[in-house]
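Order of writing sets the labels: A, B, C and D. Residues in every chain begin at 1.
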């Protein structure tokens, strides 16, 4: 399905390009699916940083040509993010740009730290002030307090203090630095175009600007770009990498390559595996568009059951939608999806979704399918039950809200009123995604297994889990 | 492909519903794909008409709750339309609402008249003034000049003067009238919800408001809704119906039923037929999303070649896009589509598009596919060559611009750099769409055959064809 | 005081200037005080008319440079107007531009017709439709129905049918026409700049573009501008001119010359005369800014009582103002004006206002002055009691709302809680404004005397007077 | 004249009022003349701070009713400020709200520190980061680094480090604190309404909300508002007060009382004194509106020469103004002012302006007056020559740009093409403003005398003076 998670974020950076701000704009455009609520671009012209930020889509925040005139310089970083509520949310936009003893620095961050509050408390005790609620500001404070002379040293000193997930791009007057945490939770790739280096959350951003993919930034790697070119560092203690498997399930765009794997291919593989694990006698396989499409194609291919588009998505769904006020009806999912009776009527239907969160949307979709005449509805989910919240950058609901945290598959099946329900097995998923059999460690699959690669401070109640 | 035609328009009407304006808003929302540039809603409360219009998407023009407070009444009509240039385009928004001797009337129109200019000249000779460039205003003038006492008589008197395509919804203080031209060029359906009657261009609008489809408004039928219910008239000389086949090719939403046929099913049938007509030895079938998807599924099904999504569409493409200024690159289609190398590399690819207009976009897409590693590219088009402009409501390019008007399939194939190119045959298309074999007459396929069901005044040059 | 009347409108036209649209923009800018709710500009480039309209101030509606690129041509007319309510108010913006048998024509109108409804009914009977509620549309219909070949004939034929107040500027593809009704109710002046002719409601518009005032357009005069220059006609039966005296009282900008008289000088003269008619023993004279300033200077000069600015106006008052919700206070006039205690305390104060409508604002201001310590408050009004509504272009309240229509000066004085109240006499006002003694006829002073120069259809109730 | 200085700022605070945010909105509305580029409001509800900020006028930034719903709490502070360029200017809006070890704090600041950069460098050395370019952030850092337990101690500890001009309002979850620097450069008054305490830059803000003026916050005084009421502290070493005389010359609204003096009265006194110092044989006295009006009234009164409004101000001048592009004319001051020929023609005119900065505007106005027929033009300036930049909160041009810093009065007179030019003497100004004869110390008149009450770090070049 779609819009079911508060998406995480996307970052982009380009160094040594005559149209740096404009290329960043394009890169963010391609990463828009990772965050629709605000965005920003910082540029460096050798002596000064400049930043433009705003709430809204990239195409709206940067709709005036003249904004680009105010963003000169051959180096630039950018960020797309999901929203926060409140009138002062503008302060939480990224890149965050500050002045400190060594000059200016701007930062764009994808990820979440687990010890941010702890360090924040400690820094506040020492007199620091915080103008945002972002973890990112903690990193900047640590960087600014570092006594090291060299920028790479300051950054690595700062990052050795934090634990959690981060794919970061820093920009100073003269340098750009890209870092990925030792676990490599969030993706970050390195490319090249017109002699300029590019970093981006996903390869689709490289594709749009016709940059060539060089390689992933490795887990624990820090890459510094300056007038002398690119220098790679590995300043952190080595950790077992644990890239986020959910990028394959939902986040990444299907045309991207993340963690060395092509997303569409992996999703289709999930579908193949799902078909092997949960066969069913049926007439058609339909996806819940758009995220369920590749897995449904895979399921159809493997099972031999014909693939159909039985649900049509309305692509004009906007941010605001005014429901009839006195009406007893609620439009919810109908606004976004419509079922085709002629495809569904009298059919035994396999419905492929990428994941199930609260179960309420699945329930509504199944009701819609039945209303359109489906005889049997077999829900197949191309990931295991989502039973644990994420602490590394995805704003999942709290445990309480995750239906799989307190209900068996059978109970969920009953709740969503499906005729059958099958989840992809964790083992099956990991195999497809490329983890060596038995080596659960390779991916972070904490949201499915509760097996968190990076420990976090004990929380008083389960409810607070959602606050991260 | 998408956005390749200046879409036509969409109309909606509801009579006797306590939330008429809000239901119209929802209906237009579902018809948004038929026109994205402006929209409007008129309501009637028994004594007065009120109208709200604006440029932009439905969700933007009607984003303020309080607009609905200013649109009271139990009857309402609405319109979505494609744009015109110029600062005064606001005058061309619909519904057009005017006062005349018998009170007020608002009209929403989908279609184009072929003798509008002729009548306009004649009316101007008699002293009429025109504040818009829309054909619709001609109809209102004729209506106002009618000496008949009864509204249905005035409307039919007016419409007997005009020739061409029209699906119209009229609203007066106390009545709503829906009319479809004798040829039935453009679709119009009748539904029912909560005891209220609904008319809409497509059934997807009924689905969203949970209205039940009763039937099509028939070609040449006029239906009057008032406090006594619904009355049907057939005031026009009977004609051979010629509904627009292009609704199936491109315009209608796949989840709609138009002219009694389910669109997705017809499109898939086009794919089946296309496979039969233009077989090719290939590894995968991919659609140009979104309009090519059903035909590609059909082609894959019939040919046995696996269906894949090798091109991914960026759904955040906005109205404004700022291209890098000094760049030699042009982003064009890349902004909207990206190719997946891993799906395409080394493959013989069948690409399904719904139609080809100028050929320039096809050419760019094929270049993109080659760049992503496709070994062979076989373009298959799920309609015949578009060689003639439309005069009945679709803003196609002029003949000169239509590549098929002056080039053979072989030449086009060469221009777009495909390895092979196959168009669906006209006969094949008509059969699938349900026309009895040999009875070309059932559909209007003028854009393919040049066989125009309604004659139009001789034009001085081919170029002017595009001005309609 | 200010904002107390729904202002009337302002018109502007320029012919044969290379920057016609831009000069019109400047002209409207200078006429902004005559209408703040919407504005528009039409241009003609010899073959085509183009129009840009919008709600809001001139500087906002025309804030994009590129709008001017879409308004080419060496002839242009413009309009500023007061608002109407409702979502479709955009249709009521001017210039109104239409096509008719002889081409295109745009019209900008200042004034009101008394027989518009009558003619409208008649035209509707003949089949005309009306898309606006403006009188102006009636004129265009009449023009379009004229059988005369020459434009001047068509215009004069049309205007001979209507009665009331009009200063009009027409624009066709190749010509501009300016007309003033035979009574000359509303002002219209003729100027010249860079070899181009200019017409405008007030001379302040000429001043801004550095045009030279040539003369007034005379009552009953029609001036046609075309490639051959300027031609003057007098197509109407001669009438006793009756220009609107209220232009001197309130509407016109003090730096303008209207009806051959300099406004500031006339207003100051009203102050002189007021001092002669209503002397009072007092310590200071203060105006209600800004419209009361010249008369207060005049009163002070004549009476020898010192002039002071005891009330300060807040110039940042915007369109929207959010009052505290639970508060018992109402801010009303306080938002706009503040009294200076140190100027007022213990003083006997003469307060000069230009006119009194409902009395409610005067009452609030007097309360504010007393609160600031004024010992005595003597209200002096630089016009006679406003007791009758206007039917010639000023949107005054209905009779019922005009306090002077049903109350004596003594009663009004008591209501507004002044210590004394004196109105300028009608005779005094006319003398100062230049009317020959005894010749009441020269000005229209109907709002003071009820002596309407142009008769209008009998209305059923007094209340309807306000609807004009 | 107007708009000639980048205005300084305005602050407002209210404690213990049920409609705190709304009262702050009103207060800022009244202080709008002190800063038109951005504004903001913070509120405290006992446990949390909330802030809404934006670019634009108060009425625009807070135009939505619902913003106030998001600003609950009985304490609130607000700020209006002049602009800075650049896309990230939003970060410079105030109040600045941060979290630190003791909770949250928001600050609104009017003034400028002379050692901000020095302390900023020092703090950056210690690892602090700065997200704005405002001096205010330095104060917050110092506050956060204080080890004192009590808020008043932390604030006074922080402020003892800084030198310069500040009128500050702090807001925490439960308290409000108002402070004025020991020199009392900028104004700050204390009032009371409905049992709530109010602080504001000028009394006109108290007037609007019908608050009673209690007294000035004294130079060097800190007032803490909490649940126990109000407590006054004097935590700083005593200094000779030196309130900014320019508040009387230009900044403050004429209806305000600042530094215990009524502004209108002082300005009029300047006019009296100016007449005594620079008599001239003339026919009329005219002000350059609006700031020159009181002094002109004073000059006229003292000299016996009649007061007239010979220049009319256009009150609809907006932020954007599009000049004709190919035109050789420049509109500049004409857009804002127009001269009345009938008042000026053949007259010997005394023109009163409040101050002269570059001389260019005076030159244009004099040209305009001559063009309107003035025979002689005697410029009289109601303040001494402005020859030195301000370092305490007014964004004056650099020395180089101040015409009086390098030219004699005679030279300036020639440049502006006046027949004579007279400035108010420093001594005369100080006497009128209430400084004891000989005690130059009472006011800061550095911009006239170069006698800066607070020393600042040596600057490398004169040019940099403008950067403060």
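Everything that follows uses one rule, which is that a contact is a pair of C-beta atoms (placed from the backbone, for glycine too) under 8 Å apart; a residue touches a chain by one contact, two chains touch by 3 or more.
Which protein is which chain? UniProt says A, B, C, D = Amidophosphoribosyltransferase.
Not measured: the values here are computed from a predicted model.
Enquirer: From the C-alpha centres, identify the chain that is farthest from chain A.
Expert: So the farthest one, by centre of C-alpha atoms, is C.
Enquirer: Roughly how far is chain B from chain C, going centre to centre by Cα mean, in whole Å?
Expert: Taking the mean C-alpha position of each chain, the two centres sit 48 Å apart.
Enquirer: Centroid of chain A to centroid of chain B, CA atoms only: how many Å?
Expert: A distance of 37 Å separates the two centres.
Enquirer: Where in chain C do residues touch two or more of the other chains?
Expert: none
Enquirer: Looking at which chains touch, is this a line, ring, star, complete or other?
Expert: Looks like a ring, each chain touching just two neighbours.
Enquirer: What does chain B use to touch chain A in their complex?
Expert: 18-19, 22-23, 25-26, 29-30, 32-33, 36, 57-60, 62-63, 65, 68, 204, 207-208, 210, 253-255, 257, 262, 264-265, 290, 293-294, 297, 301, 306-309, 312, 314-327, 329, 331, 334-335, 338-343
Enquirer: Give the list of chain B residues in touch with chain C in this complex.
Expert: 50-53, 67, 70-71, 86-88, 90-91, 96-101, 121, 124-131, 133, 140-141, 144-146
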